[in-house]
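Think of it as A, B, C, D and E in the order they're written, each chain with its own count starting at 1.
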């Protein structure tokens, strides 16, 4: 997936000067953490919408089947339809340009499109429960897009954001009408388990429509020499090789999932603490939010994999601390 | 620090609509839950402190254990109970302020009970000797006990309120921190922190502490008045 | 719930290495911080409850406000102070158990002080009348006051410990919840919760409550013994 | 009225061991004895403030007991409100306050009264209601002589008019002489001797009683 | 020893207003007066437990004050440990306990003593140390007659041997007669009359004093 979009033109050096510029007066305390690798094909980050199936095999905490789970399918349909209209896709592609002078999201080439009517809200279906990940919510994308939808069609979208695992679990516990996540493997399990529903007029349960790139950041001194590596996989290998400090989200989030796929296979790093017990001198599994992890990386002069949106906010605010 | 301070002032001055909503939800949640916890915990705590019966020690130990119930665990339990698949799903309470209040009441009440029990068990013997000597009813005795520990009750209320307004683990779990609906000061601070926007987090923290300060000053003055 | 219970039993039975590490860090952190908070808060609280001076009301209100300091804000402040650009960066304390203890001491001490102050201000007048009449020193008076509220001190310790073991906001912020290093029960519960593994979260919660139960039982028995 | 035999033991030390007693309504019984002889313990057990060693009632069912402890407790409210805790008859409360010279203190916070004032408040509070058995533990120890006399009159009238059994613990033999009908002498936790006051005071049968009375110069 | 004049007012009501007093070392002064006449308030202010209306000291600098409040406080420890709070001389403590018949209670928890036993403990505790001014607020009110006599002897000896000024508040004129040198009569917060005990008891100059003494049958 991905395609040949006009990729943001920025190499490591450019990014460095760029971020320095962003932190206006307070250059003294400007973060030392800079982008070292970005827009690499292996760091692509695809966002997917999935409607929740009201007839899914819901089960309570002890595994007993539950049949009467209330799911707002009409609302979920309306919101998904709208997300895939040209209007919404344009909004998404446009987000962040004004503020960061950079695109934070790109529309997928083969994104499913919708051009039909969107059913306005009725009294009994006007609350839509959207479960998403913290990084999506924290990027501010939904806050930017949804008011347009809400005003036009009279719905209220209640966004719960959490780690990817919890965001998906929320749907499995019957607490969401649709999910917006970015962790392919977990999405596929969700679909395979029968929790997903194909929205009328679309071919698949998983509606991947946006993407962007994770970025590898680290101290400007770049002790592992990642900036000069061929690709991200080499960069990660170099970090492991030099035992340079690396901060892992460690929270099962989409970012964490992506990071796990980038390590050399022979290290055997998984989300299980035992798998990195012998690397604790450099591999730091932080179990925290993206922002907190970024500061930790800054603090410890470590490398980190992050979504670009959070990094840009971090850079913009860190100087003011 | 300075910039956080400026941000706090700015937020208040501009009367930011979202901030106002957050403040309102915070006030509603923490006042309601602390008052309910007080209304349940004070009578029960006084009763526990004043009575002797088999199994009281067990109740005390259990209550003390509940004082140490981690908010996340409490939130998790309520989440599971009130989920779309949970046994109490018909209540339709998940992601509402009401369930946040409920979870907080569960967290705070043991603290109120424990505090009152400890205090009352110290003063009860002398008072009970007198009330029994006058042939007063149990209810009357409990009311008199409550009157005698009015200063303590005020303190316990402040402790409850402090806990209610500062708690985040349970509240974020069952409330979902939904903007314009269940987002309170602490969850908002968490959110900003997660985004790496620390100075805005600190700014909200300052506003929260200022509210605490005002509430505590008001209650302390009232306490002084009543206990002259 | 049943599955969580089974998971808890399983975790304990297999002596899971990570769980052992988490338990050890949890015990170290919560015991140390609650004891330090007690050692600072009890003498200061007794002194506050026993003395009268101008500005005492102000100290009380400030202390009550600090009781309501949200853990996230406390964590955030320490974070800023001890981070690489912060004024205390030379301490190199960030993301260690020591700073978690420090943050918790800051959170818990006001609660200890407030509790002791309220209790002591009730019993101090009669005791001070006697100790002044005997010409005893202030230190001696404070020691005697402490001896008279031994039951209360035990309760306050249990409250402190409960708070220390159940707190997550400050601890995750300054400790970073680093696996094998600063991850404690509450942050681990958070971790499992975030991954959607709710039953493992509840399982850890049950283990935590069991530890609380054991500690509280031990302390309650000791308390009974000492106050006969 | 019958009071059954009972005892009280603390950590193996028996501080009280009394036989069954038969008391007559309308009579005032004065309990005398040295410090630590078990007088207050006896009072507390009858008032059900303290459990006796034996289970089961010390008194017949339905008998109401009024009791003033040796350490009076004044509630954090006005003197009048304290007295009204004993019973709701406001006129009666005012009469009692007048008799005990508490009228000027009616609205003062009772927990700030002087020692003797507190005793008088406690007495007035109890006298608000009728009880079948009334136990007063050194009710006048903190009072001045004038109010001691006033209180004695009040106690005497209360017992005689209401026909209750009244137990009066006191260290003042003068007081016993003035208002008691019978005297019970406690010694080392035991009821050593009892009888009409003249008999007991002037013709005690046991050497311990005689020795105790000697201190009073009788 | 000079005690300066001072007063005490609660919410506009003056409960105490006394002139300057000159007291002599080695003498025992008995303070008498009805309930609420301000005796305890006077004692508390001298013991610096209560502030007077006026700022500044009531006593000369360097004068040590020992004081037993009307409500005794027994600490949650053994009787002997309580007494040793007054001073660390263990032999002296044992002597005092023997005199006051507390020896059998040495290891008992003091907060569980009977009323009279507590008073004796409090007296022994104070007598452990020398003070220039000693104030005893109704120290024997809860004691039986035997220990009252023993205590009076002890108090008398303490004053005479150590040469302190001793103020003894009491409702017992007998007691004042037995051990006091001078008597101070308090009435409605004022020091109405004072003088050597014979003079004051048998030839009071003011009608209020005469009226007060009448109740005692003097």
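As a working rule, contacts are C-beta pairs under 8 Å (C-beta built on N, C-alpha and C of every residue); 3 or more make two chains touch, one makes a residue touch a chain.
Since the model is a prediction, treat every value here as computed from it, not as a measurement.
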Task: Any chain in contact with subunit B as well as subunit E - done: C, D
Open item on the list: Suppose chain centres are the mean of their C-alpha atoms. Which chain sits farthest from subunit D?
Closed with: A
- [ ] Please compute the C-alpha centroid of subunit A, do the same for subunit E, then give the distance between them in whole Å.
- [x] 81
Task: subunit C and subunit D, separation of their C-alpha mean positions in angstrom - done: 49
Task: For subunit A paired with subunit B, centre-to-centre distance based on mean C-alpha positions, whole Å - done: 35
- [ ] Hunt down the residues of subunit D that sit against at least two other chains at once, touch-wise.
- [x] 71
Open item on the list: Where in subunit A do residues touch two or more of the other chains?
Closed with: 61, 172-173, 292, 295, 321
TODO: Specify, in ascending order, the residues of subunit C that touch 2 or more different other chains.
DONE: 1, 79-80, 173, 190, 193, 198, 202
Task: Which pairs of chains touch, using the document's own definition - done: A-B, A-C, B-C, B-D, C-E, D-E
TODO: Give every residue of subunit D touching subunit B within the complex, in rising order.
DONE: 44, 47-49, 64-69, 71-73, 75-77, 85-86, 109, 122, 125-126, 129, 131, 135
Task: Of subunit B, residues touching subunit C in the complex - done: 1, 57, 60-62, 64-65, 67-73, 76-77, 79-80, 111, 114-115, 118-119, 121-123, 151-152, 155, 158-159, 161-163, 165-169, 173, 185-186, 189-190, 193, 198, 201-202, 205, 208-209, 212-213, 216-217, 220, 224
Task: subunit A residues within the subunit B interface of the complex - done: 58-61, 66, 69-71, 129, 134, 138, 143, 158-161, 172-175, 289-292, 294-295, 310, 313-314, 317-318, 320-321
Open item on the list: Help me check something: in the complex, which residues belonging to subunit A touch subunit C?
Closed with: 29, 61-63, 162-170, 172-173, 250-253, 271, 273-274, 276-277, 280, 284-288, 292, 295-296, 298-300, 321
- [ ] Please name which positions on subunit D make contact with subunit E in the complex.
- [x] 10, 33-36, 40, 70-71, 105, 112-117, 120, 138, 141-147, 149, 171, 173, 212, 215-216
